[in-house]
Amino acid sequence: MAEEYTVRIDESLCKGCFLCVWVCPADALQESDRRNERGYRLPEYVGGCRGCRQCELICPDLAIEVKEGGEE
Amino acid sequence: MKREVRISGFGGQGIVLAGVVLGRAAAVYEEYNAVQTQSYGPEARGGASRSDVIISDEEIMYPYVREPDYLVAMSQEAYDKYAPEVKEDGLIVYDSTLVEPHRDDDVEHVGVPATKLAEEELGRRIVANMVILGALRELTDLVSEEALKRAVEDAVPPGTEEINVKAVELGARGVRE
Amino acid sequence: MDWRELIRWERMPHILCPGCGNGTILNVLVRALAEKFEEGELDPDKTVLVSGIGCSSRLPGYVKLDSLHTTHGRPIAFATGLKLANPELEVIVVTGNGDAAAIGGNHLIHAARRNLDITVICSNNYVYGMTGGQASPTTPQGAKSTTTPYGNPEPPFDLCELVMGAGAPHVERWTTAHPHQLKQAIHRALEREGFSFIDVLSQCPTNYGRRNDMRSPREMLEWLRENTSTEDEPGKIRIGVLRDEERKPFHERVYELVEEVSGDEEGG
Amino acid sequence: MSEKVEFLQGNEACAEGAIAAGCRFFAGYPITPSTEIAERMSERLPEVGGVYVQMEDEIASLAAVIGASWAGVKAMTATAGPGFSLMQEHMGFAAMTETPCVIVNVQRGGPSTGQPTKASQSDVMQARWGSHGDYEIVALSPSTVQEMYDLTIECFNWSERLRVPAVLLADEVVGHMRERVVLREDVEVVDRELPEEGEEIEEPFPLEPDDHVPPMPVFGRGHRVHVTGLTHDERGYPATDDPEVHRKLVRRLCNKVRKRAREIHESVGYDFIERESDLALVAYGGCARTVLEAAEELGATVFRPKVIHPFDADLVRKLLDGYEVLVVEMNLGQYVEMVERALDAECVHLLGHPGGYPPTPERVIKEAERIQG
Amino acid sequence: MSEKVEFLQGNEACAEGAIAAGCRFFAGYPITPSTEIAERMSERLPEVGGVYVQMEDEIASLAAVIGASWAGVKAMTATAGPGFSLMQEHMGFAAMTETPCVIVNVQRGGPSTGQPTKASQSDVMQARWGSHGDYEIVALSPSTVQEMYDLTIECFNWSERLRVPAVLLADEVVGHMRERVVLREDVEVVDRELPEEGEEIEEPFPLEPDDHVPPMPVFGRGHRVHVTGLTHDERGYPATDDPEVHRKLVRRLCNKVRKRAREIHESVGYDFIERESDLALVAYGGCARTVLEAAEELGATVFRPKVIHPFDADLVRKLLDGYEVLVVEMNLGQYVEMVERALDAECVHLLGHPGGYPPTPERVIKEAERIQG
Amino acid sequence: MDWRELIRWERMPHILCPGCGNGTILNVLVRALAEKFEEGELDPDKTVLVSGIGCSSRLPGYVKLDSLHTTHGRPIAFATGLKLANPELEVIVVTGNGDAAAIGGNHLIHAARRNLDITVICSNNYVYGMTGGQASPTTPQGAKSTTTPYGNPEPPFDLCELVMGAGAPHVERWTTAHPHQLKQAIHRALEREGFSFIDVLSQCPTNYGRRNDMRSPREMLEWLRENTSTEDEPGKIRIGVLRDEERKPFHERVYELVEEVSGDEEGG
Amino acid sequence: MAEEYTVRIDESLCKGCFLCVWVCPADALQESDRRNERGYRLPEYVGGCRGCRQCELICPDLAIEVKEGGEE
Amino acid sequence: MKREVRISGFGGQGIVLAGVVLGRAAAVYEEYNAVQTQSYGPEARGGASRSDVIISDEEIMYPYVREPDYLVAMSQEAYDKYAPEVKEDGLIVYDSTLVEPHRDDDVEHVGVPATKLAEEELGRRIVANMVILGALRELTDLVSEEALKRAVEDAVPPGTEEINVKAVELGARGVRE
């Protein structure tokens, strides 16, 4: 089934605080072991987004975008 | 004798503490003069951390490091930024767990897997700074091992003296072997 | 208007630490503003951000509006001049618990008293973040900070009680764990004529959390969520709309007087 | 127009001067002996469509004035020593953000609360050095009620021209006395240069040339600028770690005033009454009235600057080199320190006269005779 | 006693010096780059039975310090430029009420918020002229961590001896660097002279002799004195209308410091390294470290004062007359203005170096060569 | 002790205008103090008066106790140092509505928050008397003053609400028309440990009454009597004990900490 | 009948505000036409004091003393 | 011509206003220069009030009265304090309702029952200041009557012009007769 939402993380902005992981009611975001070039560990989208947009709104680094519709 | 040392990495690695311990060892437990300075302010945010030490048997007036004799690099960013400034006959000690060295002239490089050693041998990633400091000392003889250990005991949080001293020894062994 | 148009991208990423509550406030603020601009309720060319000094006070520097980054504690006093000299401006003050309530406490209460038509968003992270985590007038009694190594002996302000005691007509408290409600609160504050105060309980993981047994930003948000309530619950901090009254804003009273005195030639 | 000739207190004339200069915002906090300025502004501003607001203290007063200036309105505050001390942080902020604004200090006796109702000139150095950091301001000192009017206008004009805080360094003598004053209507009024409305400005705060005064992108006109008291780059963004940016910025902030020292002196004017004498008297403000009288009797040369800051050492050298110089001030020695730098310190003498009143002409004459004889 | 040798930050050493000098009260408000002083005091004071309090701002901080001093306790605050600007009204109050207290200013780049984390020496003139009115203070400038300790003690001692506010005019260079410091235990500690407990004091504030320092009738010991920032007579009562009272009072407040300029310089000490050269370098504080190094290379004479205020023009003349003098400062020219008054201004040159760091020795050498050649 | 022993007679008559409410406050204060000294509850050698600048702030200069006449708005900050450095001192701050609530508002609310053990007596005469009658933060809206020739456009503070909002535990309001009750209030304030605030509605006949249709001191007292009530009556100002709670005073918390840390050698 | 109280006014202190007259519940104090040397009109005691001491306490110039017993 | 005038009395008598009116008459409605100063501060409390005017056909630099040519005294305290300072060839005009003169050299004294006249003839005690000012003008010709009246009209509260002008006339008549 196609995802209803796309969650994009701008990895150059992310600082690995994982507030998005904390806030997501669908456990759609998880910690990963990947780091960005500044050395911060990145979250990853694991699917299942319900479109509540809480991650988008809580991200202190404006790094998340939730779009309706699956990945283009 | 006058040596300029730069210790660098990111926040949370105890970079500043490493510099303080080194300076203390030289100034309190040896007959040297030592000046430690560090980066403050916005440039010190967002991860980067730097601690400079000058050790000399004469009075140190101008207190800032201009061209390090020795660089300790505990992050790639720090290595990239500071490696080019090291003197040609200097030495770079890097944490090989985290840093991929690439300066291609003949400056001496020594890799120490400090973070890995700290984690695996001592179970405490946080003491990687002392591991690498132990290695630096072993390689350069900047201060005596005794002086360094006493400085460590003074400067680390109470209750962690032992593990930190062990870390210094671990680092020394790492490069001796 | 897309909120992205409101960010000075050339300055991003910002200087805030990972997981800093001030970041969430920035996030919510630009979205609320973009929505208001979109709705046509506010004009971005007439909307002004004012701040003092502190991590929180850095936020306006990332927003593409006219903004005045002033001195520590005084943004509300600067805002008073801006608003009275040009009442067309929508003036929003972004401040911190230190900026607004320590050194700036007097300007806060006087603006509340006058009912100056501004919106004050106060990032209340319990410490002075910018200077490295000293105690502040909102630090809980007993808490550790770099200047209370033995625990804080001072009782804190309840900032909402304070501004209400000073006469503020519109007062809300939310937290960074409630970003959606916070955005609604900013909407309300921008709509209200008169003095609006939003106390945003926020987290400083670098300088407060670590010293007070909260090792990650997430733990701090968890604490904020657990220890606040929109009802009066014992042991919990009350959040929500704490007062919402209507009073004539100060600039209207001033300009009515000006018009009365200057007569038609000048003021009419 | 006979109705424009008035018999006013210096403080009242100052308020009228402000209004003539286009001031439409006043924020202040009462303090003797400046209060009449606030009082008259509270009455006059609403008449001309302007806003008077009484703030909670002097810190807030200057803050509100700076805020109003960024809203595009000419603004002023008035105070005396204790309030002037409290304004020092914001003097620096105004200098750093290049905000035109006028601060009137009607000097009274200090230190501290001192002599609230008595005259003094003991804030002269404070006007230049009172805030931290490297900065410059303009300060003018009136000797008559007419000059309370005229130099208030000059303060606004230079403040707008250079985008610096300008201080009317008055004293209780001229603040409180009444004299005839002609409220000229044909005054030259200078307004800050503005960028075109709506224009996006690439470099609102250029670092060069080192004496440049950029146009002022006031708020609400679509410029979307960021203005900060931090060291900032050309964009106006904080750049606190770059020594070059700081160096260039403070150099420009200072040089835009310093390099115009002569221009300001010539344009505002000064009294130089040359007489056949080895002796030159130097005084300014309310105290100069005594000295002008004494000099006439003594047959001595007099220099009365109206511009106190920026000091023009070359001008002073040009005018006073070769004289025995007696500086008369209502303090224990402030302007004299600048004169000593300009001339051979050994030829410079001080009659420092704190206490609340200017010395009498007789006192000055006696001192002059003592020096010469 | 090897345990008294430490490797500390300048700011930490300052706090230790305060405690060694007998300071038992600290009131402050955090500000970079001075905050470590407050932080260490908050830890150390309770250990020695003293009180640390964090006030709501810098105005309140110095007020609380003055209050504590009148309660009989040695007290200190620490700040940087913006806070120092806010303290200016109370600097004057402390001078007027002759309250011993120590204010540490770890200078950073200004004006305004400027460069919060970078070094500067641009508050040098502010330390003397920042408040309104006629007054004098003592200001000392340390160049090493050891001097952060020693000169803090000297500040307390001179403050207690003269009943004046004393300023430790440090800078970020010495405040933030770490060096070896010997925390001497055998320090000379001066305590203010007290009248006998319970004694009624006829004239707590005598007007004469003009450099007199009266004993301090601290509160709670039965003296029942009235202390005011108004001009006051010998009884301590307001006497704001009497020119003679004001004149004598401010003269004494200034002369008790001015007349001891040489004594203070000799007692605190200075570096004067005489070399066979036409050139003398002058510098102080963190910047002097560069200059000492450069002078050695240049073979030039160096003068490094530790006492910045009161300036001793005679001493400077005595030491430096006949030299080409290069003053090196981390500002656009402050101490140099005082040197220009003392010497022939034409022989005095400035290397003004704002930007956040002292110039390198190479930069100084280059400038010296430019002047000489 | 006879109250007369507490007056610096060589300075009398004082500089206050005829019928000035500050005079009544002086009168009541010295009698209350004399009674407390007489009862042995306070020691005159350990009792300190602190004031700022204003007519009201001149009162300590007439009382034969140690007294510190400070700067405008800051007496409470000075008092903080006095009290914390020597907690044996009984510290009384005499201040005015301008001194305490305009320029000094921040120190007032912070001392209230800390629960600093001082007694603050605020002579609230609606104007700045000393400087000739300008509007102040307690001047009623619409009132005339030398800086509100067209009527005051600003709403005033309720000072008691303000300090209660800041956390003050003991708050009373009386007037100069209630000298007896005022004396009792001062007694209570001196007895309470912690921050006590007395808002004394007072008259400035010279600079307020005349401009606001009250031609004599008597008319002003009449107004005060008529327009205040110890009950909640509509249209009347509430006087009386507005809050009386117990909380540990700040210096005790500070000294407990000092003792804990310093151990027996120093603090015991 | 001898008065139970004596009311003494220190005329050198009095500034003629007549708050004592206003406060006296017994109308025992009245305005007079006499002036002190500083030109202030003085109140006068006309008898009938009930000893409430309100005049004493309200006098802004500390000029009134109420004593028990008649004039000695 | 240069004359120093001191007008004195107590608060509430309109002493300052009298000085302002005189100065204004001279400076605005005559070709004179005039400077008015007055006492401020604690000394101005508790009743005493003083307003000094210097009138001259040359520039007036030093602005304070040193030795009055003319003294107007509207209270005993003021008379006692200032009468001794009046020039020997000067003139003292006193309100004979309130002042008992006693300077015993030959300085000219003129008593005007200003307060009584104001009260009895105009029913307004408050305009005694203008009565005595009218008398002073009549006696000294410092300024023209016309100039004085115009200055009065400018300076008094709106609505009271007429009674104040009448008071000036009354004072003039008082000394003419």
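By written order: A, B, C, D, E, F, G and H. Residues from 1 in each chain.
As a convention for this text, contacts are C-beta pairs under 8 Å (C-beta built on N, C-alpha and C of every residue); 3 or more make two chains touch, one makes a residue touch a chain.
Just so it is clear, the model here is predicted, and its values are computed rather than measured.
Path length between chain A and chain D in the chain contact graph, taken as the least number of steps between touching chains: 2.
For the pair chain C and chain F, chains touching both partners: D, E. Across the two candidate interfaces, B-E and D-F, the one carrying more C-beta contacts is B-E. Work out the mean CA point of chain A and of chain G, and you get 84 Å between them. Mean C-alpha position of chain A lies 27 Å from that of chain C. One inter-chain figure worth recording: chain C and chain G are separated by 58 Å, centre to centre, where each centre is the mean of the chain's CA atoms. Centre-to-centre separation between chain B and chain C, using Cα means, comes to 42 Å. The multi-chain contact residues of chain F, meaning those touching 2 or more other chains, are 13, 17, 71, 103, 105-106, 110, 137, 150, 154, 254, 257, 260-261. Of all residues in chain A, those that touch two or more other chains are 15, 40. The set of chain H residues touching two or more other chains comprises 41-42, 46.
Across the interface of their complex, chain A is touched by residues 10, 46-47, 75-77 of chain B. Touching chain H in their complex are the following residues of chain G: 15, 38-40.
Considering their complex, residues 5-7, 32-33, 115-118, 172-173, 176-180, 286, 289-290, 292-293, 357-358, 360-361 of chain D touch chain H. Interface residues of chain C, counted against chain E in their complex, comprise 53, 71-73, 102-103, 105, 128, 130-132, 134-135, 137, 146-150, 154. Put simply, chain E touches chain D in their complex at residues 59, 80-82, 84-86, 88-89, 92-93, 95-97, 107, 109-118, 120, 122-123, 125-126, 128-135, 228-231, 240-241, 243-244, 246-247, 250-251, 253-254, 331-332, 337, 340-342, 344-345, 353-357.
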